[in-house]
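Heads up, there are several structures right after this.
Next come two complexes, and both contain chain A; in the first it sits with chain B, in the second with chain C.
What follows is the complex of A and B.
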């Protein structure tokens, strides 16, 4: 029972203006979910819509690689978002590209979570030389620049699968969040309730899994969201440079072909704007979700706290009268 | 002691980077050495020394034990021998890096510093005046941050290069009318050609600094010593700068060190979009023409510069934050 109060404690007291009725709020709080604010709602709706588009879109649209002799045309009733210079339907490409990019994001998100969780949480909890070694390893991975490494590795392998690209991206991207997790775990493991459960004779793995991990969930969630953004942007950059997975369609490869097809010079905005816009929207939606998660981790960022603080500040007029009174 | 620990870490990191650079070509499928030497052979005669140096750098199928190869490799690096480049034959890799590195450091370094200072300044004010228009601007700048960098650059290039031609489309300076050197025309041309790339870097990265600084300001502002400072009747400007901002900036500075790695990574994409004659373009050129020696050399230099910059920031950090010195 002590566990539920611990997990719910940081959420308590944060009531957004969209929080709904009191019993509803209490239920969200009990489940450890962030309060439903406008930011969170917008983030969930946008990312959900893009997710649905990537999941269901490919079943509805035509074959994205089908070449047509109409060439580069703008949006019309036959092709809602126009065609590329070889007459491929942009909407169809976009649907498949969304699926490709999201797949990469999901794989890298999970892999990064596992790697950073292992090196960050386990290292910090174990302490001693394990921690020293893990943190040294993390810091080294952090200072070795990721994208050049990815470029060098991928240039040696001519035929890359989607999985290989995801693997390379997660190998170069886990270190940052491992460091964040380590810092937070270090502060958790020295809290009284952890010490108390140790004194009570709980096993080490049980303390880690039952006492510490639940309190890390908000942080893990926000780190995973970051990892997904990082992965999708990283893959897009790699594909844009022409080094992505071979034979895959993603937002990055669309931009690569648009750039090579002189879409910019020809003013074919319907070709290069949508993939970038979806990338940006998805990234922004995930950041909005992360804002809400951040407010759980850091209660000082919450609106309510800020409003309370603002009440303490004197207005300029009050300050002046106070000054006059002292003079 | 603290200093020693720091330097020790960077020595280990340097060793790790060198080793990664040593292992990658040997782990990868295919035989990069014979490919490279075949390519070099098409361009001109390959001296036995050049061949030997490439073999040492990239590994061969000879039955020499890995450890001996490793020692040879470190020895070659110590003398500054990075082999010959294929794509710029017969220039040695080191001279190509020497030519391209100043461009990258000039453009990316300056843009990053400007973006950092701007973001910190704006974030300080936004955190200080919570709820002001500047504070409400933050979601907009984070939106810019989630825009993929190269896409933003493409759009800006499209708008300011094609639609409304204010800035040149690509290149680092006017190659027809100016002569590289310390003359006014050349420097002016470099500044003119660098403005748009620098602008795209600043726009896409300033939001992150601003958000981080603003959040730290908000956290710091709820500390008791700030209430005390305000109660003492100190001027608001003084409270903001010397009491709040000075403490709130610390995470941003360590973040700055970490971001340097991403800066170099970003430079590759920037230079690809703007065909800027920096080290990123050289790396892409090397990748495009399977110029493994140049590629490894550039990766090494990028890693070294990131390590060096990190070390500098770390040393600076212990000057700014006395607590890190006291701990050991």
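What follows is the complex of A and C.
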């Protein structure tokens, strides 16, 4: 089977924009960035929009806590997304809730990255008893059931700040990532190129920082994205159970109040759909980004996507014949 | 000008199997000398302990017993002594697809050893040395190759980069662990001839590890035959191949009955 890739006509329109020109693609690869695929673009656009809304929204909307005696009303010009049972503006609440949920996600993401990087990467690289001790500790943290523990802690501490909830979520969530990172670091540290830099006379810390860490970046990024999803969903779950941070709004607390206010039974869709939708959209967008990162870690996945085939500049007709050939 | 001597080297690996451990003697009482300008071939089947000897000589592993001598003095295991040792003894790894970091450019791979061992050089001088090294291993245009990443090179080109990296600190001893076994048959001889040329130019002592008797005879002055961690036969290259005494060497020689034909196959391939 002979496939001539040169003869293909260039892909125009949206496909061309997403695939990027050849030198552009080469530059992205050199910088260690994932190739711009439709999946990655969709993920970036959606999560970027939600991020912007969370960052800037609170500055333009009304006061989310102001109670009004108009009660539960649908969308109107005064309240673009309607009001809650107590007459609070849903759009304002949504903006602050987005900010709250993203804050939790960011804090947990960073803390998880630091904890799992320390216990997973440093332990595996140091080896010996350090590794034994770190991985024992990781395994203990791993078998402690996360959410139940969070519920227990949450119900004992009456006055919880957003930071405390984030702390608890990251303490129970880092161990899985640490194990993944440890396994990969163990395989990296015995690669020939690491031995070669020891033979060249590199210092140990420099081998870790310059030779090993760059190859871990895709994995670290995907673990961090995963941690952010876990944190936002976890916090939403806690808040929905009424165990979240007191005195702050997140997507979970909005859903909790909507549930308490019988929004579902009253058909007040404008109250529970927006936070639920943003929660689902943000999770999906981060997952899309994660898929794209996974494709760098695991080239086997990359070669199987349709976007990749488009990247080879094959025309639709060539794709058809290629598909037939594989069937 | 360096003479590297291995004296009664022993390496045990402890294997943990459940509660009881067992000991595997990967290298058993091995002694030999690498002299400037001479090539010693270490021949043996896979698993016989050849790479372990390489790791011991490079101080990537600590010998269970025995010593390594540099010009008659015991090799130092840490500090400035180790730095000097690393400048003297260098290595070409078996798999050129694993021995170059996919994240870094060719320039990085050559620049690091130069900077480490010659910290006073300016950036310009380092760059010029990198280009010179690439030219010496016949990778031209050097400027272009230096900017590339390993995945943009073929196996043979990668192995040439690995050779250039090994030469960067200007070593006296080079250990080549099956340097062509992962390469396409048609380019093996080219890489080996390059190694031989560089050896002559630099007056290197070379330990050529291989399982191919034909190339061992062609390129080496002395052959050591290794079997299960022990040197079972040693001597002048032609002598070992043409008049093998040990049973194991006989079977090896019988498996490659005509070295001349193998070589011509390699050339033609």
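Here is the rule we go by: the second predicted complex is superposed on the first by the 285 of 327 C-alpha atoms of A that agree within 3 Å, B and C clash if a C-alpha of one lies under 4 Å from a C-alpha of the other, contacts with A are read in each partner's own complex, and residues count from 1 in each chain.
Assume a residue touches a chain if its C-beta (ideal position, glycine included) is under 8 Å from a C-beta of that chain, and two chains touch if they have at least 3 such contacts.
All values reported here derive from a predicted model rather than from experimental measurement.
Between chain B and chain C, the partner in contact with more residues of chain A is B. By the touch criterion defined above, A:261 reaches neither chain B nor chain C. Of the two partner chains placed by superposition, only chain C is touched by A:215; chain B is not.
Contacts of A:195 after superposition: chain C is touched, whereas chain B is not reached. Contacts of A:143 after superposition on the shared chain: chain B is touched, whereas chain C is not.
In the superposed model, A:183 lies in contact with neither chain B nor chain C. In the superposition on chain A, A:75 makes contact with neither chain B nor chain C.
The interface of chain A with chain B does not overlap its interface with chain C at any residue. Those residues of chain C that touch chain A in the shared complex are 58, 60, 82-83, 86-87, 90-91, 93-95, 98-104, 112-113, 116-117, 149, 162, 165, 168-169.
Within the complex formed with chain C, the residues of chain A that make contact are 30, 32, 191-193, 195-202, 211, 214-215. Those residues of chain A whose C-beta lies close enough to touch chain B in the complex are 39, 136, 139-140, 142-149, 151-153, 155-157, 176, 229, 233, 236-237, 240-241, 243, 251, 255, 259, 264-265, 267, 272-273, 275-276, 279-280, 282-284, 286-288, 294, 298, 300-301, 305-306, 309-310, 312-313, 323. Residues of chain B touching chain A in their complex: 9, 12-13, 16-17, 20, 24-25, 28-30, 32, 130-131, 139, 142-143, 145-152, 154-155, 157-158, 162, 215, 218-219, 221-222, 227, 230, 233, 258, 261-262, 264-266, 268-269, 272, 283-284, 287, 290, 292, 295-296, 298-299, 302-303, 306-307, 310.
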